[in-house]
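Naming follows writing order (A, B, C and D), and every chain is counted from residue 1.
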Amino acid sequence: MATIKILYFAGLREATGTASELLALPASVKDIAGLRTLLRNRGGAWLEALAENRRVRAAVNQDMAGDAQPLQDGDEVAFFPPVTGG
Amino acid sequence: MATIKILYFAGLREATGTASELLALPASVKDIAGLRTLLRNRGGAWLEALAENRRVRAAVNQDMAGDAQPLQDGDEVAFFPPVTGG
Amino acid sequence: MTVRIQHEDFDVGREIAALRACNAQIGAVASFIGVVRDLNDGDRVEAMTLEHYPGMTEKAIEAIIAQASGRWQLYDALVIHRIGRLAPLDQIVLVVVASAHRGDAFAACEFIMDYLKTRAPFWKKEQTPDGARWVEARASDDHAAERWRTKG
Amino acid sequence: MTVRIQHEDFDVGREIAALRACNAQIGAVASFIGVVRDLNDGDRVEAMTLEHYPGMTEKAIEAIIAQASGRWQLYDALVIHRIGRLAPLDQIVLVVVASAHRGDAFAACEFIMDYLKTRAPFWKKEQTPDGARWVEARASDDHAAERWRTKG
């Protein structure tokens, strides 16, 4: 079974109350889109923070990743709002 | 009779051997174009340094001036090559 | 090419001098400093906190600099970005680019800033009299980065 | 808005700090430093001498800054240009522009440099192994200044 690490940053970390977690991926979850759905299905703050109309970015192994990006055992996935540095 | 001050800079100063001069303007010289001709008519280095095919800029009272710029008593005129600062 | 993410302030004069030292082929140094303003979107800002994604941030900025180096003739480039709590007037970011000619230096410096604003994982949280709030990303920053897709 | 023509070197860090001191509305500081290169048009440059037209130079640069201020939102701007004898690696010119936002700061800084290169009365004489020569004006500098007539 594939296990991934998920990191949450900024407003997303605050809304979910989670900075990071290790997650055993159900076999049905193949990509970022599937992972988003899985997390939304936790309901409550998760449903709201990862709502489809929210602009939440994803990265896989520290590279920006689209919804179709496949997930593999050991991946480091991150979710965060659009960046505002500089 | 109108008297003007003329300044020469950079390569033009070196070519003419002149940094500045006071010049009593003949009544026939009304503008920068006329002054250029007057100076060229000195011949030798003047003819060459102010040749028509040379890009020599002019300023009157410290503002860039075209050939049609009229000259008045007391004007400070300057001739110089295209600028190369920065 | 250097990227530094740090809590401490930086010395602009020293950083620029170090970047151009000993290379007499450098004719142009363009730099940019981002500073904390005491007003944003009409509200007074008392302080801000900068969060980042350690590892990815450095990687993202290095990729931006590499892209700039492929596009313009650069001798060197430096990006320093601060994290943690900052107050108005504090320096946030420094970008310095050294090149033979000014056109390359200006373009690369602005390109790096525009891409950093949209691609480097930093997030600002502002402390205002009404409480703390995460700064929203601006459409104008996306547009600024977009420009470079077509421009020379 | 400050213009200084001087023989002495300048301290970039100090000048930038002074320009943005006390104004917490400044969010962006763009700057440019022009440096003497040891190679120009394929020849080794041992030194250069910068001549100017006292009075007109200051006036011309002040007019350029005024034009930039009319076009972009600037809090302050500084131009320092050195004259006299300079060696490779020596600083020639410093332009610093402070604004609320980076787009204005970058554009105004580059505009001032491009106009300074074509409108401010300075002339460079290079010392090369083959003797001294006046630097020729470049068409590329005219084109750089031309761009601003139509652009943004």
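Assume contacts are C-beta pairs under 8 Å (C-beta built on N, C-alpha and C of every residue); 3 or more make two chains touch, one makes a residue touch a chain.
On a predicted model such as this, the values are computed, not experimentally measured, just so you know.
J.: Roughly how far is chain A from chain C, centre to centre by C-alpha average, rounded to an integer in Å?
T.: 27
J.: Suppose each chain is reduced to the average of its Cα coordinates; what separation in Å results between chain B and chain C?
T.: Here chain B and chain C have centroids separated by 48 Å.
J.: Distance from the CA centroid of chain C to that of chain D, rounded to the nearest Å?
T.: Here chain C and chain D have centroids separated by 22 Å.
J.: At which residue positions does chain B touch at least two other chains?
T.: If we look for residues of chain B contacting two or more partner chains, we find 86.
J.: Chain D: which residues touch two or more other chains?
T.: Correct list: 34, 102, 113.
J.: Which of line, ring, star, complete or other matches the graph of chains that touch?
T.: If you draw each chain as a dot and join those that touch, you get an open line.
J.: Between which chains does touch occur?
T.: A-C, B-D, C-D
J.: Spell out the part of chain C that touches chain D in their complex, as residue ranges.
T.: 11-14, 16-17, 20, 22, 24-39, 88-89, 100, 102-103, 105-106, 109-110, 113, 140, 144
J.: Taking the complex as given, what residues does chain C use to touch chain A?
T.: Of all residues in chain C, those touching chain A are 34, 50-53, 55-56, 59-60, 81, 92-93, 113, 116-125, 134-137.
J.: Which chain B residues qualify as touching chain D in the complex?
T.: Interface residues on the chain B side: 7, 9-11, 55, 59, 62-64, 78, 80-86.
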